[in-house]
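Shared between the two complexes below is chain A, which has chain B as its partner in the first and chain C in the second.
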Partner chain A sequence: MLNRRQVLAGAAALAGTQFAMPAFAQNAPIRIGMLSVKSGALATGGRQMEDGFQLFLKERGNTIAGRPVEFIVADTGGQPALAKTRAQELVQRSNVHMIVGPVAAFEALAINDYLAEAQVPFICSSAAAEDLTQRKLNPWFVRTSSTSAQPCHPLGEYAAKELGYKKVITIADDFAFGQEQTAGFQRVFEANGGSIANKLWAPLNAADYGSYISQISGVDAVFAAFSGANGLRFLRQYNEYGLKGQIPVISAMTTVDEGVLHTMGDEALGIISAGWYSAGLDTPHNNSFVEQLRKVTGVDPGFYSVGAYSAGLALEAALKTVGGKAEDKQGLITALKKAEVVNDPRGPWKFDRYGNPVENIYIRKVERKGDRLVNTVIKTYDQVSQFWTYPPERFLAEPVYSRSNPTKI
Partner chain B sequence: MKSAVLFFLTAIACILPFLLPGNFYLGIATQILVYGLFAVSVNILAGYGGMVSLGHAGFLGVAAYTYAVTSGTYGFSPWTAVGAALVIGTATAAVFGLIALRTSGLSFLMITLALGQIVWGVAFRYTDLTNGDNGISLGRGTVISSDPLTLYYVCLAVLACVMILLAAFIRSPLGAAVKGVRDQPRRMSTLGYNTWTIRYIAYIVSGFVATVSGILYVQIFQFISPHALSLTVSSEAVLMVIAGGIGTLFGPLFGAGVVVLLKNVASAYTDRWPTLLGCIFLFIIIAMPEGLLPGTRRILAGLASALRKGAPRTASLQQNPRAR
Partner chain C sequence: MFWITGLFNSLAFAAVLFLLAAGFSLIFGLMRVANLTHGAFFMLGGYLATSAIGAGFWVAVLAAGVGCALLGGLVQHLLVQRLAGRELAQVLGTLGLSFIVADQCLLIWSGDPIPLAAPGFLQGAARLGVFAFPLYRLFLIVVAALIAISLWLVVERTTLGAKIRAAVDDREMARATGIPVSRLFTVVFCLGSALAGIGGALAAPILSVYPGLDTEMLPLALLVVILGGIGSLAGALIGSVLIGIIYIFGQILLPDLSYVILFLPMVVVLAVRPEGLLGRQAA
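This part shows the complex of A and B:
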């Protein structure tokens, strides 16, 4: 479609390359835009995300549903304002048919409204902000990871019922992701008769966890929700303070994510966590996925890699349904929401009607196998929804999880 | 000569949307206007008042959050929100000025840094109001316009108004007094000027302009989160001012242009754009330490006088003695 401005631009013969080429021909490439982070603190996650999607493309020979794929990666620098500009660039300049990514929740929230307005299918492969699939729905949005609290709900039940913990202290990164993870755990743990003695919040860039660790005593366990390298630093210090072996640590998925687990040592052993994936899952799909990704990166895949790889799988399923017509955005997003992914390394999953996966949640325990640490699966909660066992309407009527919801103690 | 260049640039700015190949580029141009206005606000204090502030993103943030909460959360009309943001943003500047102006020099830098971080902390922690680091998104109906062309002209008009008023302010006796206090505070004080009040007025004017840029910021991004208030944003504005030409009226706009273009356009071609940004700053500091605008002017003047053979190459070739 040409608007007045583009016609004028054409008249001025400034840039013919900017026009959207009518891509009806089947051999024209499907253009997939990825919002990644290549600089700054989030760059590790960004790289793992790219690795995951690149592996998917490599396995498919760069062809989905009979059409070649053009994969365009843009660097958001981990800044919401830049993320928005990058998204506009991918949509308006590169004319991508869909967007995969980004790494962080605030990036996804910054571009969500724009992509809804531009009507571009948005396959969110990692950002876990609850409201993206709850109270701020965008009809063009699906997510292939989980909500923040989705794995923490079952962990709350597991801790109370199977581990028999009565009293727990929580410690988490003081930002939305950590707060939502903690809230989900607290809600279900308390509903099963447990009690939270205290909730500790450490700043994202905390250099030292000593002052927090010294507040931990007189409880059955510690629930830890950290992201990135923070999990590593917390666990190391927890060990140095001599608390390991005295008060066990249970954790959210990202604290002992495979992306950082390979940098950990004995301090991580025995930690029980809940997540929607484990590199230790013994299924044919996962074994080949882990093997392939290890060849590329040398380490086990984690949260970001699997999320992006799954985004590829869901996309493939949807594109096959619409016969490769990526230009039919409405058809594509409809097909995406109906996609059931059975060949995923994490196990089978499908989208709920809010665009969030209903998937297995694994209770995992860090063990040493050979020369590396793995999250061995010790229990599986089958097909868990983002609402756990609560009715969605009731769940959505309440405010979103935060530092003070559910209330402290 | 100068007014001819100014007229030419204004004319270019007015027809720019029709020269650009698409909305993406128009968006970048609008960003340059908004960040340019923000850099101008830093320059009022740093360039004319001799007080470098590292907390200006705080004003941008207060304005943007006030707008977002008034218009988005409470559903008031966009223009009511603009009014509220102007009042609260400027009031914040008036209060912060009382604290920051107890100091000068390096202490001023540190106290503004602290004030900026306090605003950041409130935005990050006061989740009930600000939604924490998830930020506040504004929908279509809650901003003045979401049409890129309208936004561009709104930003251009606001920037033009501010520049005209600012030029008048700088030329006024009060503007001269601000510069006087920058260069010779003790002499100004001896002459009977109330140096504190003059600085305070400069601080509030600067805070007001930053507030205006904050309102425009939230219009173009339709999203505000604590990242927009971070130290990075404040220091980037100082970099824009230094790169463009500190203490010049239009220098910060050029500086903003360079930074925004590098961040948004260069990064499409290379992953190493932060390195490129660093190299370009180094080049500016080495080749034209007084900034892009005065530096270019000096070089052009030098070329012109070299062309007019025999003309003495004197003052025009020398660096601006006030270059810092």
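This part shows the complex of A and C:
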């Protein structure tokens, strides 16, 4: 048990460190906490995320805005409850100045309230859940990937206007990410005169897509929104059933993300997708980024690596603005939200007032270049917002995208 | 059209389930060990096959079987045997081991999903009027049927099978009549693990191999075995077909309830006939 004297002594000591802080703040490290996943099904995403951020740190000699960086990675195991515990540990025990990550949206949702309460800047590098930057705002939250539907809006227009598709069947993972992607595509595709013949939902752990594939007929194209290994399995089985070459597949970003594209073969060729990045972008920033990461991983970087690398870039811009004072959390988050990132591999982007990137969306086509598959960019939609062309107020007045039909704006 | 394609897919999936569940059921029936490493062996078999595919598809499948058999033997010898009679310890031990196997796979093969190419002559689809049946799935159904028949022959028509059946029925009596029950345990454990490995390898061209495959498949094996009856090969076969049909049609017709529907027959069977459809009353 503590007695009163000890408590007072402790308080005095604490106060002492508080006073001492400004004196050595310039030399003390900036502590960055990352929530990653090192085991289980999400571990690939976790590794790619760490690779991206580590590259960012390496390029800067582990120093941002003149201060050394202490990078602390915590493993959430891909479980929401554990993600919350790890976030608390990072904040309370490791005293991190900000949190980067996590891999999955359900992890981000599990820690968002806590980080809002603890007032810790939360730079979300992948989780795409719409409402994190729409109807359930946390003032300490910014995102460096996109919302689920952000790339699917332009794809809806592209499919109707440029590809001339009239009737499409959608198939997606039956969880929030797949549902939001599909609904976003549907809203814009229908607004441009297209119609959705049927929407198929496959459980996240569906072993077999054969029965879904056998329901696909009589349409101009299939819109597929899958994550992780599911995209690979779906496309292989689609090919197996002889539908490839009969009904084209268009897809959300993650179905043919570079993170999984390198495991695919001819079954992926020709697929047109929309995303905020492509490893095939021919810009100096991206060429160097891809080259550096290929040295580490041997394959092209995708969604998770870029998201984390961008989190570093945004953070760097903000820390420079506040003169490296990571302890000034209010100043840091304000500067973060105003950050404009010009040297990003994906192209320039900035945050909207909800903390979500306004960024280029690329229409990409899977092609074979040499011995690997790449997402060749065939059209660029410049600086697309999460609200597409709709006024934010109108967009936000509608319910969030879900499994059932999106509402018409 | 819908029903026929669905039925075909159900059978193809049932083929995978049977390979997975037959070994689990044999092991459980004989040794009363719920080997929760079984799902991990299934995944490991798939991974081994992707590494050995350079030497050809058949070699890859064989490598998966042999690799898992050896590992299964080790597990039985070093872990399961030492925990004989302590069911909870066995469950926890094999569960812990499955985590270790899964994370070792992650370390060796990374987290990327790895597809396995089917042999060239099995790629593509057989067309029959408006129907398209992927050749590989047809092949899978045939192979599973052949394996089921061979297993049945071994269990019903050979001395080894007679010993296994005797030990399943009454372990103590079998031991008393001079059947080397401990060695039998090891043989069956190897055989069961080999089946899981072969199942994983044969399923890989359809499912591909990826972290988490083990935990997706293990509950299905449990379902099949509980439904069909523990220790019964015919039960595993019937259970596989039933679960295959329920799984495939449940997902299409009632996607919201697909999991509930999967477990519903299990609840009914447990309530009405706890030993399973073809299980025998526990001795």
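The rule is short, and it goes like this: the second predicted complex is superposed on the first by the 381 of 409 C-alpha atoms of A that agree within 3 Å, B and C clash if a C-alpha of one lies under 4 Å from a C-alpha of the other, contacts with A are read in each partner's own complex, and residues count from 1 in each chain.
Keep this in mind: a contact is a pair of C-beta atoms (placed from the backbone, for glycine too) under 8 Å apart; a residue touches a chain by one contact, two chains touch by 3 or more.
Only a predicted model underlies this, so the values are computations on that prediction, with no experimental measurement involved.
**Q** Look at A:Asp266 in the shared chain and tell me whether it touches chain B only, chain C only, both, or neither; answer first, second, both or neither.
**A** So A:Asp266 meets neither chain B nor chain C here.
**Q** Once chain A of both complexes is superposed, is A:Gln237 in touch with chain B (first), chain C (second), both, or neither?
**A** Only chain C is touched by A:Gln237; chain B is not.
**Q** Just checking: does A:Glu59 make contact with chain B only, chain C only, both, or neither of them? Give me first, second, both or neither.
**A** In the superposition, A:Glu59 contacts neither chain B nor chain C.
**Q** Could you look at A:Arg47 and tell me whether it touches chain B, chain C, both or neither (first, second, both, neither)?
**A** A:Arg47 contacts chain C only, not chain B.
**Q** When the two structures are overlaid on chain A, which partner does A:Asp75 contact: first (chain B), second (chain C), both, or neither?
**A** After superposition on chain A, A:Asp75 lies in contact with chain B alone.
**Q** In the overlaid three-chain picture, which partner chain does A:Glu117 touch, first (chain B) or second (chain C), both, or neither?
**A** Touch partner of A:Glu117: chain B, not chain C.
**Q** Counting only touches as set out at the top, which of chain B and chain C does A:Ala229 meet: first, second, both, neither?
**A** The answer is second: A:Ala229 touches chain C but not chain B.
**Q** Let me test your reading of the model: by the given contact rule, A:Glu340 touches which partner, first (chain B), second (chain C), both or neither?
**A** neither
**Q** Check the residue A:Asp382 against both partner chains and state whether it touches chain B (first), chain C (second), both, or neither.
**A** neither
**Q** Indicate the residue numbers of chain A shared between its chain B interface and its chain C interface, in ascending order.
**A** Comparing the two interfaces on chain A, one with chain B and one with chain C, the shared residues are 39.
**Q** Mind pulling up the chain A residues that touch chain B in the complex?
**A** The contact residues of chain A facing chain B are 5-6, 8-9, 12, 14-15, 18, 38-39, 74-75, 77, 79-82, 84-85, 88-89, 92-93, 105-106, 109-110, 112-114, 117, 129, 131, 136, 175-176, 179, 402-404.
**Q** Quick one: in the complex, what on chain C touches chain A?
**A** Touch list, chain C to chain A: 1-2, 5-6, 8-9, 12-13, 16, 102-103, 106, 110-115, 117, 123-125, 127, 132, 134, 136-137, 205-208, 210-212, 216-217, 247-249, 251-252, 255, 258-259.
**Q** For chain B, which residues are in contact with chain A within the complex?
**A** 17-24, 26-28, 31, 124, 127-128, 132-135, 137-140, 146, 149, 221-223, 225, 227-228, 232, 263-264, 267-268, 271, 273-274
**Q** Using the touch definition up top, name the residues of chain A that touch chain C in the complex.
**A** 39-45, 47, 174, 201-203, 205-208, 210-212, 214-215, 228-229, 232-233, 236-237, 240-242, 259-260, 262-265
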